[in-house]
Amino acid sequence: MTDSLSTASGKTGLAPGSLIHVGEILQPVTRVTLIDYTKDAMDELEVQSIEEIRKYKDTDTVTWVIIEGLTDVSIVERIGSLFGIHHLVLEDILNTHQRAKFEEYEDHLFIVLKGLLSEQHRFRVAYEQISLLVLKNFVFVFKEKKDELFAPLIQRLRTSKGRFRSKGSDYLAYSILDSIVDQNFVLLDRLDDEITSLEEDLLVSEPTKITLNRIQKLRREIISIRRHVAPVRELMAEMLRCESGLIHENTFIYLRDVFDHAIRVIESIELYRDILTGLLDIYVSSVSNKMNQVMKVLTVFASIFIPLTFLTGIYGMNFEFMPELKWKWAYPLLWGLFITIPLVLLVYFRRKKWL
Amino acid sequence: MTDSLSTASGKTGLAPGSLIHVGEILQPVTRVTLIDYTKDAMDELEVQSIEEIRKYKDTDTVTWVIIEGLTDVSIVERIGSLFGIHHLVLEDILNTHQRAKFEEYEDHLFIVLKGLLSEQHRFRVAYEQISLLVLKNFVFVFKEKKDELFAPLIQRLRTSKGRFRSKGSDYLAYSILDSIVDQNFVLLDRLDDEITSLEEDLLVSEPTKITLNRIQKLRREIISIRRHVAPVRELMAEMLRCESGLIHENTFIYLRDVFDHAIRVIESIELYRDILTGLLDIYVSSVSNKMNQVMKVLTVFASIFIPLTFLTGIYGMNFEFMPELKWKWAYPLLWGLFITIPLVLLVYFRRKKWL
Amino acid sequence: MTDSLSTASGKTGLAPGSLIHVGEILQPVTRVTLIDYTKDAMDELEVQSIEEIRKYKDTDTVTWVIIEGLTDVSIVERIGSLFGIHHLVLEDILNTHQRAKFEEYEDHLFIVLKGLLSEQHRFRVAYEQISLLVLKNFVFVFKEKKDELFAPLIQRLRTSKGRFRSKGSDYLAYSILDSIVDQNFVLLDRLDDEITSLEEDLLVSEPTKITLNRIQKLRREIISIRRHVAPVRELMAEMLRCESGLIHENTFIYLRDVFDHAIRVIESIELYRDILTGLLDIYVSSVSNKMNQVMKVLTVFASIFIPLTFLTGIYGMNFEFMPELKWKWAYPLLWGLFITIPLVLLVYFRRKKWL
Amino acid sequence: MTDSLSTASGKTGLAPGSLIHVGEILQPVTRVTLIDYTKDAMDELEVQSIEEIRKYKDTDTVTWVIIEGLTDVSIVERIGSLFGIHHLVLEDILNTHQRAKFEEYEDHLFIVLKGLLSEQHRFRVAYEQISLLVLKNFVFVFKEKKDELFAPLIQRLRTSKGRFRSKGSDYLAYSILDSIVDQNFVLLDRLDDEITSLEEDLLVSEPTKITLNRIQKLRREIISIRRHVAPVRELMAEMLRCESGLIHENTFIYLRDVFDHAIRVIESIELYRDILTGLLDIYVSSVSNKMNQVMKVLTVFASIFIPLTFLTGIYGMNFEFMPELKWKWAYPLLWGLFITIPLVLLVYFRRKKWL
Amino acid sequence: MTDSLSTASGKTGLAPGSLIHVGEILQPVTRVTLIDYTKDAMDELEVQSIEEIRKYKDTDTVTWVIIEGLTDVSIVERIGSLFGIHHLVLEDILNTHQRAKFEEYEDHLFIVLKGLLSEQHRFRVAYEQISLLVLKNFVFVFKEKKDELFAPLIQRLRTSKGRFRSKGSDYLAYSILDSIVDQNFVLLDRLDDEITSLEEDLLVSEPTKITLNRIQKLRREIISIRRHVAPVRELMAEMLRCESGLIHENTFIYLRDVFDHAIRVIESIELYRDILTGLLDIYVSSVSNKMNQVMKVLTVFASIFIPLTFLTGIYGMNFEFMPELKWKWAYPLLWGLFITIPLVLLVYFRRKKWL
């Protein structure tokens, strides 16, 4: 199974409230990057100690902290205590079996959703959990893996010359969500290619067990993608209803755009699911069709030659009193039958459209 | 695949907010037509430069601008800055993978939906994205393709003698939406013909792989049409709820009419989907039925002649001590069996209703 | 196709707002009947000219005008202008592809729904569109066909001796709707008979292509009935929410009764649909079952006689050195095998429950 | 069909508002029982004339009138006029094709639902319509059949010694509804037994046409039960929302209990429906599986013996120049082939897992 | 059937309001444990008599009473009268066929849901009903079985050193619910293993009846789990809406966490259901595929050898006048045919992709 559904059972029985990392370890070492910007300046540094973050706490600049890798629980814990994050939020960040959701707290917003780790060389989907903590002047992003997902965004920050950098942490959060949701479109394109190739295969060539396995594999992928992507719609809807002062009025129009994209992604996935279900029907029908043809060939062969063989059987008998055996024209006459019977049957089968 | 589902992945990673045309290019050259009318007069001109539009901006006349072809991004950009359109709206106009939607802004309404490009000679559906910007005295229509979709509407404007021309931009927007939605009925008629012919085929003649491919092709078309048409219902519902002063109270009754048409279109499509699913069931049943018949023919032939052949086999053996071989009546008696056994079996099969 | 789904495409491109009759012509000549009543008196007359209606306009009596046949557009037009009916309503009356709906205007209510034209001698459903205009003291009914649908209602008016006749136009409208909705029950009874006979057929006798065609025909009928009847529920629900003064408070309880009947009709249709889907499953299973039996017969025959024929083949060979051919008991011994082998196989097949 | 869906078509065309009994006659004679109680006393009598009921009308005691059998329309009519019941309610009581519903009138509540007439000796469900009229101090129950449904309830009244008897007509109505809804559980138990036995049958023994008919019969029963039971949920929900003074605040908690039971019944029925659909899938798969086995046996037999028979055919030919016929070791060598070929094929088939 | 759906029919006809235990007896002896704690101290004792509980009634400490085993009705009855619990609540506690629900009373909350009794050695699910009564300083838990479900929780209480113990009865109730819901994840893990193993089986090896039975067994388990788990979502949603003072504002965030877990469980179950339905489709397709292969082998063998056998039959006939029999090259020529015909057919079948 490409996407194990195994859940947080490892933690069952544990005291709720204890901070441990639950889930597969995708990244053994944790990297913390800090980007601090105002309209005029921008700082980028790799953070070695949480203390370095503390000094940005009381400035007016927007600070973006990216934590890649969740194994070092103490980092999460210290950020939590430094910024007064609720204990349950910290638990959710560390438990990578979360359903996408949006939660509003007094002085921060918590967003958790799945990002896609699409692989280069083949169609397979993996997921990482991405959590966002949006504070007044801070955005924390917790990712399971080190990758280049936010590289274009950082590039835009660098080159923005004021426009982007003059906006607040809510706009930064929007940009991050936009990056994550739009990544799905790459996946949808690949899915489209896969399904188109499968469909062409099915309508042209013979149905085989391999086709069946491909259909099943794709179906599982789609079920799994839908499972991770569907709650994003709800997340965005709740975010749009959010009345916290942390999101500026002007940002809502951007969030609505992300919402539209999320709906588009979900509708496309539903569509692919419908098409795939249709393909399985086509597959089953093709197999039946095929069998029908095989049966016709068998029936035509058997129905023609079995009666003839019976005829030869008759005159292969060794009775002493078989007058026909001595008739001169018996043999040629029989050849007449050997030719006539198949012809009659062939005409009959042709009329039945079997040939 | 007739309708590629490929999505806006080309733009992934790009800064949100940058204006580029996303989608297939259906029209390389952009044509801009301007129609300006009051109760008493009407102007029609092909616009060469956006400056020509500017001079209509502060008049009281209703001005309708039709932009056909989206490749020239600068036109959209300049209209946007001239009329103060939100940047995200401009992006949506240029990205032809939009889901139909209605958005209300302070001083303009934005409507985007899919128009149908039905082809003359065969059943195939293509789509173009049509965006409407409704301002106080202005309606902008952005289309992907140059065609005659609005010709009857323009003709009505010319001949209206006041009635149509005395109404505002909201009534013009209604008339445009009405044209676009009613175009679907032509498509539904063709779909009806296709399905009826398919159904007659299925109930009369033999099931073949070609029928299967036709069913699958139609199913995909219907899925694709539904995908583009279904959100129009929502769009119209939201438009009816709109409390912007841009839509006059008297216009709502007309919009409700378009809403009814949209529902009718969607219900018909759902209906065709149901019928098509039914046809696939019929197809599968027909194939089974067919196979059943083939098997019966085989079984009847084989069951009659195999035992007889066995009998001839017995008396074809060369044992020295086979008393029957010398009996005078053995051969005629055997012929009796050759006739009796098939008769008995035929009666048996007839009783079983196999013949 | 019994119920063509062809839609109003004939009107596409036409100016919205032009009055023409859209739809099949079911009745070439238009008949207009007028019934005027008060508690004490009742007038019935066939109207030749719209002018005759005008004189009832300002009386306090309830006037019921039945227009049968929609080809004479001018009648509808003149009634419209005489009573101040909105142009879109007149269009809807003349376009017989309407979805059932209820619309509330300032001084009139508009109701449009489908009546059933059940045929006497066979199970086939046809539809006619019936539109109601309910004014203060007037009810207009527009029908596509001349028939006796309202005969019992008129009879009741004649004999009512005050009770019915003392109520207003809203009660008359209720009575008309009640007649139309209750007509569906006749249809449901016939549908029930059809399905029961089909089911008995299926469970008792062999599955044939004819059964399949009957199932498909019924399914299409049900889809088509549902399409026309389902929106009546919504229509009635909206009518119950209507706050126009045109419906008297005491009449709502009667409308609720019609609403209940409409729900009952729709639920029954859903039920028949479920049952029919079930019957198709049964059909498919029966075909498989049947094929299974055919295969068993073939397999039993072939498995018994093919080995025996092989045995006879051996001793039909002409080798010079075949010692068995000279043995005296070889032939009787072989007969032993000819009897034993089938017995063994028969026991084996019986154990497998194939016989 | 066990549960005819025939509807009230017998009444179509009749004036709405005329009182006649519509439905099958389950009980030719009508029995009227009256139970009157206060905390301290309890009267039970069989009522011969409606006049006997009148005298309880103005007392403070709770009076329960059970009318069993609906053929005597005059009883319903007189109760109606005596207690001021709306004419439509009386019609609904007499028309036994009602959908379960709750209606609130100014001084009475009207409840109609289906009771189950489960038969003793076999699994078959019949229904009777039960109507309740709840007034200030009166409860009328109209049943189609004379039976012992309320015997335990009456017994409790007799022995209650104040607790039950000190409560009002609303508590009595609750107790009646509770009896009717809880009766469904008996039915569910039998349904459970039936389905379990069917399932065991299916997983263990061969699929036959009888199994198929059992599945279909059960499915129809479940569809029919669901149709009658599902609206009870809605009925109870509406009753819980009822703000009429006729239901005491303390009684709502009891009604909520009935509501919970109704939901439980409906969920169980849905569950059985799912399981039954699953069983049909299993049935179809079993038939396919079975056919597969039959085909394998046929193929193994035919594939082994047909080539061998061909070999014997060769040396049964009568050509003069067939050198092998004179070789001494030809016959034993051929026997070698007769043994080797089947062995090779058997190994091949075993490898393919056909044996 | 692993999970009998038999319902509370044993109680039908009984007076509502009588306390008896309805359901299977899972635990013959009842054990009552009492845990009483404050921030500083903690008492644990096994209660022999209800009187021991009474003395904790008026203290400020939080008291948790666990009743394991429901056969001793008197315990429930006495607790009910001691703490003023509504009679219907006591009935619900004793009737183990409850649907999960939340009910709010004036001075207590009532929660009932199903706990899972997962067995150690094989995949089988059993259920026990767990009821919670939450009072100001008391939590009662009624379980059907004695087990170690709450052991980790009690351990946490012992070691909590104030943090847990300083919170009220609402936090205790949350912790209990959390334990029960999180237990489902263990089950989901096992379900995942089962389905994965089934899927691998299906895609790799031959489809057998055993696979079918496994699918059916899993499907029933999933239906049954869903039935018990689905209402927990509703329960938690109602609890979150609860405005009773019994739940402290700070506790809602914890309850929301349980709510999220419940949704996650339900979504996973739906997912498994989808996957399982897909597996059945795959199974059916595999069987068809398999049959197709079998048929091809049969057809190839039969089509090749039946014509050849006919040829040998011809020259096995005993006519006197068969000139070919005397030709010297007849026999070798025939061998030519014996080799050519199969080769031609093999090429033909290969072209058809049957080999």
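Note that the chains take the letters A, B, C, D and E in the order they are written out, and that residue 1 is the start of every chain.
The rule is short, and it goes like this: a contact is a pair of C-beta atoms (placed from the backbone, for glycine too) under 8 Å apart; a residue touches a chain by one contact, two chains touch by 3 or more.
Just so we're clear, the structure is a prediction, and the values are computed from it rather than from any experiment.
Common neighbours of subunit A and subunit E under the contact rule above are absent. Counting hops only between chains that touch, subunit B reaches subunit D in a minimum of 2.
Once the centre of each chain is set as its mean CA position, subunit A and subunit C turn out to be 42 Å apart. For subunit E, the set of residues that touch two or more other chains comprises 284, 288, 291, 295, 298, 302, 306, 309, 313, 316-318, 322.
Traversing the ring of chains that begins at subunit A and proceeds first to subunit E, the chains occur in the order A, E, D, C, B. Residues of subunit B touching subunit C in their complex: 152, 156, 164, 175, 178-179, 182-183, 185-186, 188-189, 192, 196, 199, 203, 253-254, 256-257, 260, 263-264, 267-268, 271-272, 274-275, 278, 281-282, 284-286, 288-289, 291-292, 295-296, 298-299, 302-303, 306-307, 309-310, 313-314, 316-322, 353-354. Only residues 1, 4-9, 11-16, 86, 88, 97-99, 101, 103, 206-209, 212-213, 216, 219-220, 223, 227, 280, 283-284, 287-288, 290-291, 294-295, 297-298, 301-302, 305-306, 308-309, 311-313, 315-318, 322, 324-328, 330-331, 334, 338 of subunit A touch subunit E when the two sit together in their complex.
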